[in-house]
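As written, the chains take the letters A, B, C and D, and residue 1 is the first residue of each chain.
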Amino acid sequence: MSKPIPLGMVGGGDGAFIGAIHRIAARMDGDYQLVAGALSSDAEKAQKSADALGIERSYADYHEMAQAEAARPDGIQAVSVVTPNHLHAPVSIAFLDAGINVICDKPLTATQEDAKKLAEAVKRSKARFFLTHNYCAHPLVREARAMVAEGALGKLRLVQAEYLQGWLSGDVQNKQAGWRTDPAQSGAGAIGDIGTHAWQLAEFVTGQTPSSLSADLSSMVDGRRVDDDARISLRYDSGAKGGLWVSQVAVGQEGGLSLRLFGTEGALEWRLQDAEALIFTGKDNQSQRLTRARDRSQSYRTPPGHPEGYLEAFANLYKDIAEVIRGDETHLDRIPGIRDGLSGMAFIAAAQESSTQDGAWTRVGA
Amino acid sequence: MSKPIPLGMVGGGDGAFIGAIHRIAARMDGDYQLVAGALSSDAEKAQKSADALGIERSYADYHEMAQAEAARPDGIQAVSVVTPNHLHAPVSIAFLDAGINVICDKPLTATQEDAKKLAEAVKRSKARFFLTHNYCAHPLVREARAMVAEGALGKLRLVQAEYLQGWLSGDVQNKQAGWRTDPAQSGAGAIGDIGTHAWQLAEFVTGQTPSSLSADLSSMVDGRRVDDDARISLRYDSGAKGGLWVSQVAVGQEGGLSLRLFGTEGALEWRLQDAEALIFTGKDNQSQRLTRARDRSQSYRTPPGHPEGYLEAFANLYKDIAEVIRGDETHLDRIPGIRDGLSGMAFIAAAQESSTQDGAWTRVGA
Amino acid sequence: MSKPIPLGMVGGGDGAFIGAIHRIAARMDGDYQLVAGALSSDAEKAQKSADALGIERSYADYHEMAQAEAARPDGIQAVSVVTPNHLHAPVSIAFLDAGINVICDKPLTATQEDAKKLAEAVKRSKARFFLTHNYCAHPLVREARAMVAEGALGKLRLVQAEYLQGWLSGDVQNKQAGWRTDPAQSGAGAIGDIGTHAWQLAEFVTGQTPSSLSADLSSMVDGRRVDDDARISLRYDSGAKGGLWVSQVAVGQEGGLSLRLFGTEGALEWRLQDAEALIFTGKDNQSQRLTRARDRSQSYRTPPGHPEGYLEAFANLYKDIAEVIRGDETHLDRIPGIRDGLSGMAFIAAAQESSTQDGAWTRVGA
Amino acid sequence: MSKPIPLGMVGGGDGAFIGAIHRIAARMDGDYQLVAGALSSDAEKAQKSADALGIERSYADYHEMAQAEAARPDGIQAVSVVTPNHLHAPVSIAFLDAGINVICDKPLTATQEDAKKLAEAVKRSKARFFLTHNYCAHPLVREARAMVAEGALGKLRLVQAEYLQGWLSGDVQNKQAGWRTDPAQSGAGAIGDIGTHAWQLAEFVTGQTPSSLSADLSSMVDGRRVDDDARISLRYDSGAKGGLWVSQVAVGQEGGLSLRLFGTEGALEWRLQDAEALIFTGKDNQSQRLTRARDRSQSYRTPPGHPEGYLEAFANLYKDIAEVIRGDETHLDRIPGIRDGLSGMAFIAAAQESSTQDGAWTRVGA
């Protein structure tokens, strides 16, 4: 194992959910050492969080952090951006412009303008930009992509992606719910928070992007200012059709992410809650439960029979990113990046526009 | 047990699928005796089929059968109509006008005009009209309806109904596929054949009918003249939203009928392939697998642990119908009839219209 | 369809469970007409039950019934014996000796002596004896047997059969529990009532009978006079080993019947509660969910996707028996008979003996 | 977060399975820093492995390591022992005697003599001894224990534990299979490797240890010198009965660990392959799928819906151990230690003795 990559983090202070996840993912395989952070915009809080986490260098300001780290010989080689959505762009741009690799949480940004600016920053920077759409790093999702690519389904006809959660069924008040339901910080509701995950998952596995969509966004909870349920129909240039349903008011659902694909020759199904299996069904109606013995991506840390899950998949991304940072681009094409981020933003824009126009079919990315 | 009800059948000759099902359902509890039939429009074939089935009186013509049976003192008290869709109306009308109860397969008719005529015949007849939407007769579907009615879900928010089959994924050539894919005989494709089942199931359990819909109907197989995949969004006057997805090109799927409901207080899920369970999930995310011990409809023939299925549910309808014919209307409200049939036809009409207009939201039954 | 076979029934009056099941099974395919019965040993009750079921000829005594029916030109060709276990032998012998085919419920008898006498009666009679071990008539159980026979598992190593119920967890008082927990009427507890089912299922599928066993029988409920839980280890002459666990105090279990087989080349699993699937797992750890599309026994009445269950499997036996009675012996080898009954009795005897000797390994049938 | 605990490792060099698992578990929450190791008995290999893992101090001899580390002011505070079984005792004793806490893989030792010596070393040492029976650290296993303790099952009647694997179905030749199938290094076969896991899991959840057992151990593969299949019946002083079935020739099974408990009032089931659910079934036959929302052990790192698995459970042990090492004994009682190890050794001894005596009931720990 090579020397750990010095890593920084912006956001992710006390009480944050996704920051802790990124830290575990970075630690899992020993590829990183978290040495610097701007964990909060409040300097005192930032310092306190950094101390609690044993982070050597705490910054109150991410601009300062980007400059200072870039200047140090032992400065960070990558930064994890785990702020609310509206800060993804400015923070990422600051580090990209300082030549530091960025590992940014999804969705890309809160606005289309920000997405554009960020894309330009990625273009001009010598550093890389990675987006943590973690679900596509589950080993059997990678296997599903390989199977589709080699034609196991024949010509793709039907795509159904769902991400159902129930945690916003009521009028929730906490740090997680707070910024996610504030349009200024999140940019979108369920379609941004989990819809982009479902969109990217489908795109990753099928290798196809829908060309147009028809959306019906709802805010089911009184007083909610963002969408909390979205039912979206999809059309592909290939002739395939699809559906994407995401909800945060599907009461009782903890993490109902699933993808179902039907082609002329076979079908594939993957569910997050049974992530260690990939179900292939052929024209003879017989289903095969493919397990990791079938995984060709070599993404497992344990032998068959030892269930891995969400954190391991997240860590798979960090592992691949470490490889790239160290100069090995073998797995670059399976790490989500700016392209996935822009696609997700185009999806959000099209969904919001279609819904405003009572479900009129709307071009994606037009 | 009372004396068996003399029963007739129109359609259902050699090679027919649904006729055999109706016969088993009628036999299961010993409530009927099949004594007359017009099993084919070809007199010779009809006689041959009748002989093979041990049916005493064979008719070559259903008009003649209706008249003759109505005139006999020991004539049939009910007739099962198991022809292709386009004959449902004329056959049913002939018997209704002769004062004979009709047990008709779904969907109601092949055209809206026929549906109207049939509804008028039902109105003017002293006999009754029953429609075999069999899935609503599964004991735990009845239990689901009872739970929704008593408020177990709180206010209903989301409805998702699916019926996925794969048997028409290719260019199938057989008796079953033949008339189902001929618009003249079927009137509609997947939305008529299985879409009306999903529609009625959702309506039966929720007690609500969508007020408008947006549909995208497809014919995925080259040369197919009817829809074989339909993705439909639903809106209810109550504010609930829904989706209905039916497909006959979902390769590998044998009978993927399911209903998922989410309310403010809880969620319910029922799947045909696991028909002996009803999953209730509360706001605490804990799921309960309700089994027949929970069934309050008293619809089981066996003690817990002895799986019943499709045929038993179908027979449940025949049993309830026998009860009604014998004068006991206790369970009349759970037997589908002309109202369900008209609702299904309104669904088909709205779906076809919306799809023609590129998914424009269309009133159901306007 | 040929003319229905005239059928009689002994036992199965008001309140009986298994009699009603036999009647449905006999009716399902229209192969039988129930015309005579001795439904109760109380003449008045017998007549009342017969009237309620529309049975023409009611007898108060089964000897009289056997003689009278044998003497009639239109007499019954078969009789269903659905009494408590201790009457299986005398009733069956009476009919066999009168030359009437017997369809007897399991287990064979309540005592080894009775079993011997019955076996002799079968030998000397020109009529046939069938035993309704219904589970082996599930289509995919038949498919499992075919797969084992053709070597899909390689050399068989491990057999695990379970039948778990919870309905006798407490001190139950009803007609069903009554005779089943009375040693004089039942002969054995759980091992007789459901243990013989599990034993026969394993024997049917594997084609092998264990040569010795070690048993630990328990009576978990205070005051219970028969076993209600049995844990039995099995050894086969082939070198295979096995386990059989049956319980009627496995609280909450409704019908936990399952069979798991492991060979050198593959494994098979079947569960009553998911009876429409047979799980085959190969050496590559990949499982296949085989459904009826795979069934080669042609035992289904409906197309794929329409779940069949307990009653249909039971009716499969009646259907095969009708075929045999009409002279077609094609499927004779898959209908359980006296051999299965004697094997079950040998199992009970060995289990009781081993348990008495603190689990000493005991020869089966020695 | 406090400063990471300096950790050492003995065994776990290149190609080892369990060493890598311990390292991930130690890293997951940032509580440890691996700074010293004797990764191989071959000095050159040890150094190479240490370098590859970024371990500062490499030793060729574990005795030397124990002495040296104990003498350093910044020496390790704990050592992970991940050697083959026959080295567990000497290595653990060396570190315990040097006053260094030991985190040892299971089973405790390869022989009963070693177990005794190790127990004495634990007694005399001021350092602590932990045994990584990781399965009992799954959050819902902890919840199961809490439910049993508070009486959710009533009086316990039936216990069924299984651990089925198929990876030794053939004549496997690799490092993992090598020492596990060599009696000198492993001490026992399947009963040691996975049987002790199942034993400890049942003991942990029920709070009861079987008092006697009857075992049938087999070596199914030609030439195998240890057991690869074991079928064991259990009796508890409380009157409960149980079964334990472990196999490494259950072809196709990847990690079939499960525990089923039945009491007078309810039943519990947990399966490793569906580790995020605990199934509770009451006397009304209705099952509840309890998920982490129900977990009271606070053992999750992620919110509901994000599946955690084997590695997280393993890390739960390391986390609790870190707490204890830092002086907080709150969770000491849920960390397996010498008591669990001795119980497992008593289980192995009794099973081997009983099997030698053709399944005679044998006292455990007599």
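By our rule, a residue touches a chain if its C-beta (ideal position, glycine included) is under 8 Å from a C-beta of that chain, and two chains touch if they have at least 3 such contacts.
In this text, all values refer to a predicted model and were calculated from it rather than measured experimentally.
Asker: Could you see whether C-D or B-D has the larger number of C-beta contact pairs?
Answerer: Looking at contacts between chains, C-D has the larger number.
Asker: Centre to centre, using CA atoms, which chain is the farthest one from subunit D?
Answerer: Most distant chain from subunit D: B.
Asker: Averaged over CA atoms, how far is the centre of subunit A from the centre of subunit D? Could you give it in whole Å?
Answerer: Roughly 35 Å separates the two chain centres.
Asker: So, what's the distance in Å between the C-alpha centres of subunit D and subunit C?
Answerer: 43
Asker: Could you please state the distance in Å, as a whole number, between where the Cα atoms of subunit B are centred and where those of subunit D are centred?
Answerer: The separation of the two C-alpha centroids amounts to 55 Å.
Asker: Could you tell me which residues belong to subunit D and also touch two or more other chains?
Answerer: 253-254, 284-287, 291, 293, 304
Asker: If you look only at subunit A, which of its residues touch subunit D in the complex?
Answerer: Where subunit A meets subunit D, its residues are 1, 3-4, 17, 20-21, 23-24, 27-30, 52-54, 165, 167, 176, 253-256, 272-276, 291-293, 301-312.
Asker: Help me check something: in the complex, which residues belonging to subunit D touch subunit C?
Answerer: Counting only subunit D, the residues touching subunit C are 157-158, 160, 166, 169-170, 214, 216, 218, 220, 229, 231, 233, 235, 239, 241, 243, 245, 247, 249-254, 262-267, 281-287, 358-361.
Asker: Which positions of subunit D touch subunit B when the two form their complex?
Answerer: 284-291, 293-294, 304
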